[in-house]
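In the two complexes below, chain A is the common chain; its partner is chain B in one and chain C in the other.
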Partner chain A sequence: MIGVELVKLVLRPRTWVVLGMLVALPTLVAVLLAVTDVAPGPGEGPPFLSAVLTDGTLFPLAALGVVLPLFLPIAVAVLGGDAVAGEVQSGTLRYLLVRPVGRLRLLVAKLVTVVVFVVLAVLVVAAVAAVEGRLLLGTAPATGTVSLSGSTLTPQQLAWRTALALAYMVVCMLGVAAVALFLSTLTSSSVGAALGTVGLLIASTVLLGLDAASALHPYLPTRYWLAFVDLFRDPILWDDVVRGLLVQLGYLVVFGLAAWANFSTSDVDG
Partner chain B sequence: MSGTAVIRTRGLTKRYGELRAVDGIDLEVAEGAVYGFLGANGSGKTTTVRMLLGLVLPTEGSAEVLGAPMPASRTTVLPQVGALVEGPGAYDHLSGRLNLALLDAAGPDPLPRRDRRRRCAEVLEQVGLDPADRRPVRAYSLGMRQRLGLAAALLRRPRLLVLDEPTNGLDPQGIREIRTLLLALNAEGTTIFLSSHLLAEIEQMCTDVGVLDRGRLVLQDRLDQLLRPSGLVEVHSPDAHAAARLLGDAVVEVAGERMLVRADDAASLNHHLVGSGVRVARLGPYERDLEQVVLEASSVPPAPVETRAEVLTS
Partner chain C sequence: MTPVRWRWFVVLGAAVLLVALPAAVQHRPGGGPPTRPTADVLARIQASADVGWSGRAQSTGTLQLPSSDSFATLGTLLGEQVELRAWWRGEDSWRVDRVRSTGETDTFRDGRGQVRWVFESERATYSPVSTIRLPDAVDVLPPSLGRDLFQGAQVDEVAFLQGRRIAGVDAVGFVLRPSDPASTVGRVEAWFEPTTWLPLRVDLYGRGGTTPVLSTTLTELDLRPPAVSAVRFDPPASVALAYEESTDVAAAANGLELADLPSSVAGLPTRDGRDPGAVGVYGRGPTTMIVFPLRGSVARPLREQLERNAGTTQTSAGTLAPVGPISVLLTRLPGRGGGFLLAGTVTPETLTAAAAQLQERA
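Let's turn to the complex of A and B:
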């Protein structure tokens, strides 16, 4: 079943359009930076962007920092929201279920497919950004890449920390995927499920800016998204990364179970 | 009914709030039958079909399909069932053949991959679609989509076919092709459960009939039993009243110039009437057709459209 879902993912033009859009934004940023030579000041704008003018090897991270807060979650919301509701809309859900495909199996396959898409998206964005960084923004200084704490990182250190950061971003999207999947079992409208998910993320972002909601901050899905920056301090600051992992796992478990509970007991009228 | 029951429900009920979409029906479909499940739009046919397939959970009552309870045994029952439920469903951007292949690959099957591919091509040909057609389903006509849905139902050579309005959207030629195909499958032993609101379709194909009226099964019998000779003779005469006086108790019904008379032999009745000076315009054995049988069974006047279950089943 997972194989079938992956084939469907690959055969959908939408998948490639979304990937193209995810790549297009960082590319535009790279071009603008290279042409104007005007980078945001240190501490302003998306993470790492202030440093890329002197060190193009950091551009993959900068690119993901640009994509992560908005573009990637929206893509995940669209895919996750379409997972079950889209099958209802095309009239194929009932035929899958009488094939028969178990409802739990179907949900798991859908979730895995979204995760595969996220992995693919993160890798593609990072790879394209790596090439762009090298070509447009120049290579690392001979002394090596400077970490956020001021010390220098060897290329090996940089490589595995980048890998960790990519993995962390994938995990960050798990919560979004689970919420979207749950909403997708609730409604027969893919757009509704996707918008609901995006709405939740916007609400989370708004609450993060509100000091009165500080008690809620540690539980908000977007709270630790940018914690991957801490992986480039010396020594690595694990606290927020670990909390981020726990929050995402929490969302995955709660909304995953809710999706399963709802889907396995609901009448399939579509 | 002969043979073992392939579908048997007891008091099967589905309530949506106050509305009883399906109200305590006892279906009995014998093995090898072509069972026509008749009912107006919104009478609960589709909800019943969905309950049989485990898509909708019954509020009350039980359903057995191929001898096993549904939906509890769906993993063992459904692989032997082919279904077309409320119109075909397909991924619009993919070809018909790829749609079939994906659906086939989604579930377990002992067949090796190569045989599965061949099987897809076979059923497509069987329903009159070209397996080499690379066009996306988006470009298909309604009739072609319907054929694709049928192909999906036939894919695994099921013992039981559950078809909801299978000839929807087909032209008369297509309807005849599909009917021939289904009857051929039935001759090979496939039991067919066919829901429709088209009386003619049921009358031409089915061995058994069940009639659903606003959620209740008001009639269930063999078709030949329902349409057996009535022992009545229909007489049209301008002297109907004279004739009625003459025949006395044998007259069952008089309406204008038309009357129904209980008589063993139409010819001798004619001789008797004419001999007694009653003019006869037309005379012949009275045969009920399915339409009359169904109308008599669901004799209650039809409810206004908006109070029916239509909204819920659409």
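Let's turn to the complex of A and C:
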């Protein structure tokens, strides 16, 4: 079942169009930085963007910092929202379930497919940005990359911290995928499920800027997304990374269970 | 129970558990035992500067200071939420990081010098430590701010406050109500680690205020003294260490000795009891005023900024702007637009009296 869904993911032109769009924005940013040589000041712009003019090896992280707050979650919301609702819309869900396939297995296969897409998207953006950083932006100092705290990171340290950051970003999208999957089981409209997910993320971002909602902040799905930056401090600041993992696992459990509870007993029209 | 319902009960149970568990852990009852503030306790609060610790802090200020390049850091510290990370070995050996999602600004203090590292501009700057300087990130750490505000506190000004659990510690609470009529601070609520008397949380209220104008709390605390290597800055080979004569405009003014200030102004003696140079810090604890001369190039834009503030008035002493419990007065000296800047948690009347005394002396 998972294999079938993965093949569908790879063969769909939509997958590659979305990946292309995810790569386009960081590419534009790299070109603009290279042409103008103007980087954001302290406290401004996405993470690491101010440093890439002197060290292009950080551009994969800057590129992911550019797409993480909006573009990547929208892509995940579109794919997750389409997971079940898309099958209903196209009338294929009934035939899928006629085969000896449990509904839980189908849901798990859909979720795994979205996660595989996220892994693919993160790797593609990072790889393209690495090439762009090398070709268009500054080369890393021979002595090593400078951490946020002013210490020097060896290429090995930079590599494993980058790998951790990429893995963290994938985990950050788990909650989005679970919410989109749940909404996809509620409606026969893929667009509706995707918009509902994006709406939740926008609400989360708005509440994060509101002091009156500070009691809610630790539970908001977008609260710890940028904590991957903490992996590049010295010593590494693990607290928010760990909290971010727990929050995403919480969303995965609750909305995954909700998707299962709803989909297991709902009537299949499509 | 129908199959539909039990599945949704599982979902509900998981959601409630995941929300309630962290909330219960965070808000579990705690707090140190009722403790009477004594002179010995107040002395031990001041002595806690020698206690080694490391941890994280969050400071939230609501004061909108006039924006000025010379006071940019101060505006951020007193008007925004700031995330801090600190390693403290003693007053002359510490590291404080102001953490941002885009980078960080770190200050490393080592004896008589300090290095400031700003990631985004990849700039490391060494400067000698000045005894007179503007407040910086280190000063809004709860231990530093708590000691500063309780400096010179009298036993009869301090009362017991309900304990709280802070950074995993059952903390003892005190409230300080300054008796100085010159003070604009209504009260200071603070909580302390009961064995070392290290301040863990400080809330500063203006007179009649119901919400703190500045609140700073440790969110994590390790009471083991950090290693020397934790507070030492080794500049990366690709970064040249720059040198600056002074850390800020107050330190610069003090070094230039443009004026010789009196040992007391408006009835407030210097905070450390010494005769001041060009910069004077007067008062005690929450009743504090800093006075220093500004050159015309710094004073003119600041005066323009102050004049844009809604509450600003022009008095015979100069441009007067109250910002919450902080009063700011910029006088005008004859010549190229320079003047004395007087600021602090004192009443506008106190500043005006101090300015008149300085004008007379000038």
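By our rule, the second predicted complex is superposed on the first by the 270 of 270 C-alpha atoms of A that agree within 3 Å, B and C clash if a C-alpha of one lies under 4 Å from a C-alpha of the other, contacts with A are read in each partner's own complex, and residues count from 1 in each chain.
As a convention for this text, a residue touches a chain if its C-beta (ideal position, glycine included) is under 8 Å from a C-beta of that chain, and two chains touch if they have at least 3 such contacts.
What you see is a predicted model, and the numbers here were worked out from it, not measured in a lab.
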Item to check | Touching partner for A:P13 - first (chain B), second (chain C), both, neither | outcome: first
Checklist entry - Which partner does A:S149 contact after superposing on A: first (chain B), second (chain C), both, neither? => result second
Item to check | chain B versus chain C as contact partner of A:V253, first or second or both or neither | outcome: second
Checklist entry - Between chain B (first) and chain C (second), which does A:G91 come into contact with in this model arrangement: first, second, both, or neither? => result first
Next on the checklist: Per the contact definition in the header, classify A:G102: touching chain B only (first), chain C only (second), both, or neither.
Outcome noted: first
Item to check | Touching partner for A:V4 - first (chain B), second (chain C), both, neither | outcome: first
Next on the checklist: Is A:P46 touching anything from chain B or chain C once the two structures are fitted on A? First, second, both or neither.
Outcome noted: second
Checklist entry - When the two structures are laid over each other on chain A, which of chain B and chain C touches more residues of chain A? => result C
Checklist outcome for this item: Check: chain A residues flagged as touching chain B and also chain C 265
Item to check | Of chain B, residues touching chain A in the complex | outcome: 50, 53-57, 74-75, 78-79, 81, 83, 85-94, 98, 102-103, 105-107, 152, 312-313
Checklist entry - Contact residues on chain C for chain A in the complex? => result 3-4, 7-8, 10-11, 14-15, 18-19, 22, 56, 60, 85, 97, 99-106, 117-122, 124, 220, 233-239
Item to check | Complex interface listing, chain A residues touching chain C | outcome: 39-51, 54, 141-144, 146, 148-152, 211, 218-219, 226, 229, 233, 237, 239, 250, 253-254, 257-258, 260-261, 264-265
Next on the checklist: Could you list, by residue number, the parts of chain A that touch chain B in their complex?
Outcome noted: 1, 3-4, 7-8, 11-13, 90-102, 265, 267-269
